[in-house]
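Order as written gives the chain letters A, B and C; numbering starts at 1 within each chain.
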Amino acid sequence: MNFFWDLFLGGLTRGSIYALLALGYTMVYGILQLINFAHGEIYMIGAFSALIVASILTMQGLTGLSVLILATIATVLYAAAYGFTVEKIAYKPLRQSSRLSPLISAIGMSIFLQNYVMLAQTSDFLPFPNLLPQSNFLDSISSVIGPSDFIIIVTSAAVMSALTLLLKFTKMGKAMRATAQDQTMAMLTGVNVNRVISRTFIIGSALAAIGGILIASHVGRINFYIGFNAGIKAFTAAVLGGIGSVPGAVLGGLVLGLAESFGTGYISSDYESVFAFALLILILIFKPDGILGRSSQQKV
Amino acid sequence: MKNDLLFRWILIPFFLLTFGTSSTTFSAETIKIGIAGAHTGDLASYGLPTVKAAELIANSVNTKGGILGRKIQLIIEDEACKPELATNVATKLVSQKVDAVIGHICSGATKAALRTYKDAEIIVISPSATSPELSLSGQYPNFHRTIAPDDTQARLVADFALKTLKLKKIAVIHDKGDYGKGFAEYAKIFIEKSKDAKVVLYEGITPGAVDYSAIVQKIKYSGADAIVYGGYHPEAASVVQLMRKRNMKTIFISDDGVKDQTFIKVAAVAAEGVYASGPKDTTKNPLAIAAINEHKKAYGTEPGSFYLNAYSAMLAIVNAIDKAKTTEYKAVHKALRNHSIDTPLGKIKFNDRGDAIGVGFSMYQVKNGIYVELK
Amino acid sequence: MKYACELKQSTYIALWFILLTFPIMVVKVNTIENIIVWRWINIVGVGVGAFVLSFFWQLYLRKKMTSQQTAPEKVSILNRLIENPKIYRPALFIVGIFALIFPAVFSHYQVNVMTTALIYVMLGLGLNIEVGLAGLLDLGYVAFYAVGAYSYALLNYHFGLGFWMLLPVGALLAAFFGILVGFPVLRLRGDYLAIVTLAFAEILRLVLENWNTFSFGPSGISNIPRPGFFGINLTPEQSAIYMYFLLIALCGLTIFVTYRLQHSRIGRAWVALREDELACQATGIDKTKAKLTAFALGAMWAGMAGVLFAAKTTFINPASFTFMESAMILSIVVLGGMGSIPGIILAALAITLLPEYLRVFSDYRMILFGAALIIIMVFRPGGLLADRRKQYKFHQPDAKEKR
């Protein structure tokens, strides 16, 4: 094992996390052309619900895998419900107005949710229990890759492939893709656009919740503000890959994670985020629609 | 706390109706103490414990009949650690004629606000602003603090690393913040000056990043025997946990921001053996124990960062006003320097620069889940 | 009953919210002590609150829907008021008088707060050139603001140059930086542009934070002099009042210049660019030049506001120039109504004064602020005072014949 591989694996872990969150941004953007600034907050709420559910279960005497499974289910459900509600309150009434209005209500929603959690819970950092399972197999590879890194990479990959399959082969996925291409046309062919949008938010939020559990277990602490930074990075990843494109979000997340990891390793961690943003600018100068973005034909 | 939220749920509409008429209608009899700091935003967790400490003391003083026959009234203002908001808060507190201010929390906001307080002759005691410039420059005679400035703490930590632990290769890491970077900078200078050891790595990490594995790898490959970390406990906990997960035995030495019971709870077993500097024997000081129990009783939680510093600051100002028998600036200013008081941080008074004397500092090490003072 | 449908709906919504907020509002875990606190009483609060709010929400939303159907081209009362010369002229006069006597009537604190608000008026109007007129969504406007503030602080620190000398220098440096940012992003559209400007602003902030020898890092620069007044030493209160009038004057200048720009040749080119890039190019407008001037002029005002900001607070550090600040300025432009000067002034005052006066609610002020942003956007998506294009009427005596 050398320095290079260590950095590579670290970057991969970080990139998988960005990718999981970036998917939520990219799916919403693909359908509504809206930057959902409240997405990072959904991830934060996901982490909080996981902590609360897991603590209750642990205090009831449950341990190990059962806590993880129950907490994950509860968290995914709650985060999805939040995503659904946020869309209904802050975005649906603004469907017809100019593109910037929902952006501002998204910023408002983000401020609201942050302060809601801060007031109802706490402003302090809370330790987050490591929910990820321990096993002999993971211990045996721990010299190569940290157990939580391994689980994050594997889970992210599994979730993202499932999402790709869902979009490709199910009826719901087809309806989503149709809506993304042309909302009016999709409506004419009998797609219930409102339902598709709701489902997009539900799926995106569920992914964010999974990200929340993974990251919180990995980092070991949460507070009400964690959604903000992660949200901006994930959004950057989504744009880097070509916003609106699902494989693009995954690729963007990984590229960003690796860039930060290598930048920190070989240059300096003082400028960690600078590497990410500089890379973004460079790529967009040469490929204005992101790495995998379709270059849309402009018509009058 | 339990009924508090419902209480406010109902109160908010009423407030809306009577908007603007509240909060300014108090009797002139009270002693007004401004509490300024970050109560919202990302740094709220460092500002809110001060509010709680002040509330607890104000309540206990008021139930005993107040000081000088007057009740204490707190005016709590949030500035989210932003300099521009801090100046607004300062002018607001000045125009409300506060007698003293406990705050601000961040050095930057404190620097921005101090000028206003100085012009209005108001005593300021900060529980957490550590920038040496604040007291060293001599520009602000009204400024006091119950925390050690960065250079004092960095000197202690550097001496400990070089003389007691006899380390040779040290990585200095900070969190890019005002507090952490200030501390790290001084530590680096002291280590380099001594020529006994080498600083092999000097870098900042980003608070709130999703993962710190890259910097941990870098520390590993830099061959450092020890890390001197400047910053607060949340990031420190993450870094230490990651290092121990990777089976790295690198010694971890840090500052007052890490000498916090929450650090041990968050980092769990990884915290074992970590060194941190902090005020002398707060764990055995009966006043400190009482202060922490008081917080647990009133709010049901462990107190947060700088709670004891704020508690002591509040005790000091109350005592000074009591001893001076007036709230007039010069008399209180003198009383703060001449009269010692027992606080959770020890028996303290302030020197000419406004730094607290009597807050002895020593090194601690985590042993079996608690910080143990090293003699 | 008239509202039966809404009441029923509201009940369901209240139940939904009780369920939704259950883990966060009711349960509070203390993982350190392993205690769970159940705050059942909050359920009642959430239920009642959600019920009342959703009831009014639906009522207003329905009203909005029906009014949209019946009168699609309805102009809001506020707009009509402001466009009627009989009303706006005396109103303008009263506002002018009020602005002049403000420091005499209100306290030092109020003057200070108003000065901050006026800085945001300048920032809002500057960003309006980029976003409102030219349609270039800029999420990193705060970078130009930082350039202005740091150029005053640093040039003053190193060379001892004065405020009046550095005000134009700060503005020019910011404009130069604007062009610097503008060049690489010429090809980008919409949200790609937004993220790149955000990236530029974050890079600048991180450099300021890390490059100690240049910018003094996170500890910032203190003791920045306030602007001089013919060499007379002013007391803090006098200098606050002086700052206030300085800003009133500069805001006046900003309003005048942006108004003239809006109706100039380049202003019309920007609007064309905003509406349709390709069509705009086809009509012979130099797209590159139009975009770069928009960036440069927008940035210039931010630079000036930055110099004033540094002079007012006398201390700056990178913490004042975060992404949240950009978001706030953008909110001002959108809330006010893009392109509408009176709207933006109103929104700038609202956004800066609202949190300040919401201090009554202490902890609750930011949550109320967030809610206010959502509510205003939902019920007035075009902004408080939506911009209406100036209409030129063609008076011809025999217009009927021509038809």
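The rule is simple: contacts are C-beta pairs under 8 Å (C-beta built on N, C-alpha and C of every residue); 3 or more make two chains touch, one makes a residue touch a chain.
Note that this is a predicted model, so its numbers are computed, not measured.
*Asks:* Compare the CA centroid of chain A with every other chain's and tell me the farthest one.
*Replies:* B
*Asks:* Mind naming the chain pair that shares the most C-beta pairs in contact?
*Replies:* Result: the chain pair A-C has the most contacts.
*Asks:* Nearest whole angstrom, what separates the Cα centre of chain A from the Cα centre of chain C?
*Replies:* Between these chains, centre-to-centre, one finds 29 Å.
*Asks:* Measure off the straight-line distance from the CA centroid of chain A to the CA centroid of chain B, and report it in whole Å.
*Replies:* Spacing between the chain centres: roughly 35 Å.
*Asks:* Mind checking the centre-to-centre distance between chain B and chain C? Centres are C-alpha means, answer in whole Å.
*Replies:* 34
*Asks:* Counting only residues that touch at least two other chains, what does the list for chain B look like?
*Replies:* 5, 40-41, 176, 204, 262, 265, 301
*Asks:* What parts of chain A, by residue number, touch at least two of the other chains?
*Replies:* Where chain A meets two or more other chains at a single residue, that happens at 115, 119-120, 122, 127, 270, 273.
*Asks:* Which residues of chain C are in contact with two or more other chains?
*Replies:* 25, 31-32, 42, 210, 363-364, 366
*Asks:* Okay, in this complex, where on chain B does chain C touch?
*Replies:* 2-3, 5-6, 8-10, 12, 15, 19-20, 22-23, 39-41, 76-78, 81-84, 87-88, 91-92, 94-95, 106-108, 111-112, 115-116, 119, 131, 133, 139, 176-178, 181-182, 185, 204, 262, 265, 300-302
*Asks:* For the complex, give me every residue of chain B touching chain A.
*Replies:* 5, 40-42, 44-45, 48, 176, 203-206, 208-211, 213-215, 217-218, 220-221, 233-234, 237-238, 241-242, 245-247, 262, 265-268, 301, 304
*Asks:* Going by the contact rule at the top, pick out the chain A residues touching chain B in the complex.
*Replies:* 3, 6-7, 9-11, 13-14, 17-18, 115, 118-120, 122-125, 127, 142-143, 146, 148-149, 215, 218-221, 223, 225-226, 228-230, 233, 260-262, 264-265, 268-270, 272-273
*Asks:* Under the definition above, what is the set of chain C residues touching chain A in their complex?
*Replies:* 16-17, 19-21, 23-25, 27-29, 31-32, 34, 36, 42, 61, 131, 137, 184-185, 187-192, 194-196, 198-200, 202-203, 206-207, 210, 276-279, 282, 323, 327, 330-331, 334-335, 338, 363-364, 366-367, 369-374, 377-378, 381-382
*Asks:* Per the contact definition, I'd like the list of chain C residues that touch chain B in the complex.
*Replies:* Chain C residues touching chain B: 25, 30-33, 35, 37, 39, 41-42, 44-45, 48-49, 107-109, 112-113, 116, 209-210, 212, 217-220, 222-223, 235-236, 240, 309, 312-317, 319-320, 356-357, 359-366.
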